[in-house]
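The following pair of complexes shares a single chain, chain A, combined with chain B in the former and chain C in the latter.
Right after this comes the complex of A and B.
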C-alpha cells in the first residue's frame, strides 16, 4: 500500500507539467499527443503489413492468373485455377484427410497433454527429469523424427518388426507404411507425440498460475479429486486450453515434414493431406496457379475456423462471467 | 571560365567512358554452372574441369555449384522466376520440354561443329532434340538390366538366368520353394521410379506409355503387364507388401542376398562393390515378353538463353566438359554409361563384360516421352499401380482411370 501511494504521488506533478505544455501550443499539442504513439508504431505496423500482407497479396494475385511453372504470370483467367482445383479428383479426398488428421492429432494431443501436465505439476521425486523427457521430442526436428520413425517402421529392416518378432508376436514382417489403414493411424500417433511437448508446456504454465487456497477450500468442503479437477482446474485453465487448441490446429493443419518424410502421401495419395499435395502441385508438377489457389483456400479455411473458435470461446467466457 | 570547366567535365567523362569500355572488353567473364549431386565425386569432377578450362582461358572464371537432385528443379524454377538463372544447368532430360516451351533453353546447334555432334551415340541425342534443334547435351546416361543372385539361383536349381517373364516366374517359384527368407523377384512399390519398374513389363509386353498422342497405359498389353506383377505378389514370388519398399529398400535386400532377381541400373554395381563385395551376382537383359526393351535415362547440360556469356559457356562444354578425358573420368567415377563414341571405345568400358549387359540393351532403350506435364502423368501411373499392388483396385479399372487422367493432361 505504502509503495503504491508513494508511486502515485509524482503523478500530479507530471500532470501539472503537462498542462503547462499544453497551454503553450493548445491545438497541435493535443492532436500530436493523441496520435504520437500511433505515429511511433506506424512504421512497425506498415512493415508488419508488408511482411505478412505482401505474400498473401502476391499469392492471391497469382491464383486468379494463368501462371507458368517458372512463376511468370499471364492474363487474368476467370478463376479457372479455382475451378480446376475444386473439380480435381484428389481435392475432396485430401480435404477430408486433412480434417481427420487435424482433429485426431489436436484432439489426441490435448487429451493426453492435460493428464501429463497434471502429473508433472505434482511434486514427486525426479519431476525435473520427467519434465525434461517429455520436452525432449521438441528439441528434435520434425524431419529427423520422421526419418527415425520411417526407419523403425521399415518392414524388412525396421526395429519395430524386429522387436515384435523377437517377442514372438509376429511371423511375417508387416510393412507398416505400405497401406493407409496402418500408415495413417501411425502418422496421427506420431503427430500427437511431437505435439505433446508444446501443449504440455502451455498447460503447465496455466496450472502453475492456479492458487492453492481455492483447492484447499474445496478439499475442506469435501470435494473429491475429480470434482476439484472438473469444477476448479478445468475452468481455470480454459484460456490456456483455448490457446493450445487454436495454435495446434494451425500448426497441424499445415504440418508438412512428418507426412512428407514418412510416406510422401503414398500409396496412391491415400496419406496425402492438403499441404503435401500443395507441395506436389507447386514443385513437382509446376502447377503454380492451382497451387496458389489451394494456398488461398487453406488460408481461408484456417482463418474461418480460428475466428469461429475464438468467437465461441469469447462468448463462453463472457457468459460464464 | 564556365565553358572551360564544362569542357573539362565532358572530356573527363569521355575519358572515363573510354577506360570503362576498354576494361569491359578485356574484362574476365564468369560463367555459373549449377549441377545435380550424383555422389561425393561430382563436385571434384567439375571443379577439375573448371580448373582445366580456366588454365586454357586465363581471366575467365567458371563457378561450380552442386545441388541435391531433390531440390534442383525447385531451385532453378525460383532462379528463373527471379531473373538470376545460371549460365549452364544440369537437368533431368524430361524437364527440358518445359524449358524449351517457355523459351528458357538456348538452341545449341549454332555453337557446335558437326564433328562434335557426331561424337555422341545417336540414341542419346533424341530426347533433347525438339523440332530438329538440340537444346541440351546428354551428360549422364543409364540403361537398366537384370541383376541376379548366382548363388540363390543355383541353390534353386537354375543355372542360367531367365530371359523371359515365364522364366522369371518359374525361377521365382523355385526360390520360394527353398523356404528361406529370400524372395524370388524384387518389386518396387513406392517413390521415385515406381512407374519405371512397371514400364519394364509394359514395354516388354509390347505396350507404350503414349501412343498416337493418347495414353497407352490402359491398352490390353498394359493390363497384361500389370496383371503379371499382381499375380506374382499374390503368389508370394515378390517381397510382401511392395508398396512399403522404395528403390533403395529393394536394392538393400538384393545386397543382403535375399532377392533372386532385380531390375536396376549401373549404379548398383558400385554399391555392391562397396557394401557387399562377396555377393556372387550376374547381369543379364531385362526379361522379354513379346519385345525387348529397357529404360534409358539421360540427364542433360543446357544453356540458358538469358545468359550473357553463351559463347563461353558452350566453349566450356565443348572444349572441356565433353572432352574424352573428362567424359571417361566422369562416367567411370559416377558409374554411368558412355554417351560419346570415343568414350565407349575406351578400354574401361569396352573391356568390361558386366557393362555389356547395359550397353547391349541400348538399341532397345526407351526414353520418357518428351511431353509437358510428365511428372503428373508419372504420379497418375504410380497411383494406379499402387492401388493394384495393395489390392484396392483391379488392373483394368486402375489403369483406365490413369489413362483418363493422362489424356486430360495431354489436352491441356
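Right after this comes the complex of A and C.
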C-alpha cells in the first residue's frame, strides 16, 4: 500500500509515508539499520588487525625483550635491542644512505616529472603514445626492472657499456654495480626512472583540473610563459605536488626490490639502506632483537609521514568540497 | 586548438631522452632473449643477433620451470583479487553511503594502513604465518596480499561510489525494491567499472610482488613468477642471461599490454581514488 500511494502522492507525502513505515517496523529493524555499516566494515578491520596489526604488536613486544635467533622471547631487557641497534657500526651509514636515497630519488623524480607532465598536458601528435611509453615502467615489476638493468649494466657484456662506447662516450668498460662510487648513483637514477610514471600521473591530474580561461586572461595581460608557470600553474598544482612528495617519500623510503635484486647492498654495504639491512638482520644474520627494534623505528617514521599525508589529503578534500 | 607538426616534433624531442631510457631495458630484453647463447656472452656485445632464436623461449620454459610459476602467480593473484574485493566492496559502500559514528576514524584508519609497506612488517608477518603453519603455503601469500591491498581498494572504491548518484537507489526503494534488488540491479552495475579498475590494480600488485613471496615461500615448486625469475639470477655463479631475459619478457609483457590498453581508465581511477 505504501508503495502505490508514494507513486501518486507528491514528494513530501512520500517522505512521511516512509518514516511511518520505518517507525512501524519492530526495533530489530532499527538495530539492524544502525549496525549495518559496522557489519559491512567489520571484515576489513578484522583482516587488517589480523595480518597487519598483530605483526606490529608482535615485533614491538619482541623489540623490548631478549630474544634468541629462533624468535623465543625471554625477559624484558631495558631497551637493550634499541641500544644495540643505534650503536651498531652499520646503523648510521644505512640511515644516512636511506636519507640520501630518499631525498635524491624523490627530489629528482618531482623535478623531472613537472616538466614531463607539462609536456604531456600539451596537445601534440602522438601524445597518447607518449603517455603510454612514459607509464610503462609502472606496469613492470621492480624485480624485473632490476634484473634487466643488472644485465644491461654488466661490465663486460652489458649493453650500457656497449652503447656508450659505440658513441665514443667511454674508453674502458665500467663495472657499474661492482664499483662503490658508481653503484649507488646508478641505483638512484633507476629509482627515479621507476617513480616518474606515478608522479607524472598525479601531476597531470592536477594540470587537467586547471581552467583555461585564467591562463588566457594572464596571456592577454602580457604574462610570459615562465610567469604563467611560476605564478599560476605552480601555486594551483601545489596540493598535488605536496601529495606526490609525501607519497613518494613513503614509497621510496620503503623501496626494497630494486636494490635487493641489483646489488643486495654490495659492494661492502655501500648500497645498503635501512630496508635491505633490516632484511639481512632478520633473515640472514638471525638478529631478531635488533631487526624488530629497527622495524619499530621505521614504523614510527612511516607513521609520522603518513599522518602528514593524511592531514594533507583531508585538507585537500575539504578545500574541494 | 590545432596541433602543428613543428610543436609535435619539439615535444617528442624534449621527451626523447626519457623515452630512450624507458625503452632501453625492453630492447635489451628482446635482444638478449632471442640471441643464440654463444652470442650472449660475446665481447663486444651487439644489439642484433646473427639469427632470431625463438627456440630460446621454449628452452627457457622447460629449463627454468616457468610454467608452474606462472600458474602459481595466476592462482594467487586471482584468489587474492577476488577475496580482497569481497571484503573491500561492503566496507567501501558503508564508507561512501552510510552515516555512522566512527566513519571519519575508519577513513583515517584506511589512510594509515594504506601506507604500510610489507618490508617494514615482514619479520612480524613471517612469524605470524609460521605460528599459523602457513609458511611455504600459497594461502599465506593470498592473505598477506589481501591485507596490503585492502585499504587502497576500499579508499579507491568509496571515492568512486560517492560519484554514483544516491537518487537512483532512493527511487528504486520508493518503487518497492528490496535492499538486495537495489544493490544488484542499480548499484552494482553502476559500480562495475570502478570494481574492474580496482581489480586490475590489485592483480598487478600481486603479480609483481616480491618481498613477501621471497620471505614466505620456501620450496621451488611453490615459487611465483617474480620469485622464480629472481632465483635464476640471485646467488648463482653462472647466470643464463638468455633464459632470464626470455623469462622477464614473459612476465612483463602481458601486464604491460593490459596497462597500456587500460591506461586511460586506470589513470582516471587513480586520480579519483588516490589523490582525492
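What we mean here is this: the second predicted complex is superposed on the first by the 242 of 321 C-alpha atoms of A that agree within 3 Å, B and C clash if a C-alpha of one lies under 4 Å from a C-alpha of the other, contacts with A are read in each partner's own complex, and residues count from 1 in each chain.
Note that in this section a residue touches a chain if its C-beta (ideal position, glycine included) is under 8 Å from a C-beta of that chain, and two chains touch if they have at least 3 such contacts.
Note that the structure is a prediction, hence the values are computed from the model and not measured.
Participant: Of chain B and chain C, which one contacts the greater number of residues in chain A?
Facilitator: Partner touching more chain A residues in the overlay: C.
Participant: Where does A:261 make contact in the superposed view: on chain B (first), on chain C (second), on both, or on neither?
Facilitator: second
Participant: Can A:44 be said to touch chain B (first), chain C (second), both, or neither?
Facilitator: A:44: touches chain C, not chain B.
Participant: A:145 contacts which: chain B (first), chain C (second), both, neither?
Facilitator: Once the two structures are laid over each other on A, A:145 reaches chain C alone.
Participant: Give one of first, second, both or neither to describe whether A:117 is in contact with chain B, with chain C, with both, or with none.
Facilitator: neither
Participant: A:283 in the overlay: touching chain B, chain C, both, or neither? Say first, second, both or neither.
Facilitator: In the superposed model, A:283 contacts both chain B and chain C.
Participant: A:176 contacts which: chain B (first), chain C (second), both, neither?
Facilitator: First partner only, chain B.
Participant: Touch check for A:157: first (chain B), second (chain C), both, or neither?
Facilitator: both
Participant: Which of the two partners, first being chain B and second being chain C, lies in contact with A:269: first, second, both, or neither?
Facilitator: A:269: touches chain B, not chain C.
Participant: Answer with first, second, both or neither: which of chain B and chain C does A:201 touch in the superposed model?
Facilitator: It touches chain C, and chain B stays clear.
Participant: Is there a shared patch on chain A that both chain B and chain C touch, and which residues make it up?
Facilitator: 71, 156-157, 264, 283.
Participant: Given the complex with chain A, which residues does chain B contribute to the contact?
Facilitator: On the chain B side, the touching residues are 73-74, 77-78, 80-81, 98, 102, 104, 189-191, 239-245, 249, 252-253, 373, 375-376, 379, 382-384, 386-387, 389-390, 392, 405.
Participant: Which positions of chain A touch chain C when the two form their complex?
Facilitator: Counting only chain A, the residues touching chain C are 3, 6-7, 14, 18, 34, 36-38, 40-41, 43-45, 47-48, 50-52, 54-56, 58-59, 71, 112, 115-116, 119, 122-127, 130-145, 147-152, 156-159, 162, 165, 193, 196, 201-202, 204-206, 240, 243, 247, 250-251, 254, 256-257, 260-261, 264, 275, 278-279, 282-283, 288, 291-292, 295, 298-299, 302-303, 305-307, 309-310, 313, 316-317, 320.
Participant: Tell me, which parts of chain A touch chain B in their complex?
Facilitator: Within the complex, chain A contacts chain B at residues 68-72, 89, 154-157, 172-179, 263-264, 266-269, 280, 283-287.
Participant: Provide the residue numbers of chain C that touch chain A in the complex, in ascending order.
Facilitator: Interface residues on chain C, with respect to chain A: 1, 3, 5, 7-8, 11-12, 14-15, 18-19, 21-29, 31-32, 40-47, 87-88, 90-91, 93-95, 98-100, 103, 106, 108-109, 111-113, 115-117, 119-128, 143-144, 146-148, 150-151, 154, 174-176, 204, 207-211, 215, 226, 229-230, 233-234, 241, 244-245, 248, 251-252, 255-256, 258-260, 263, 267, 270-271, 274-276.
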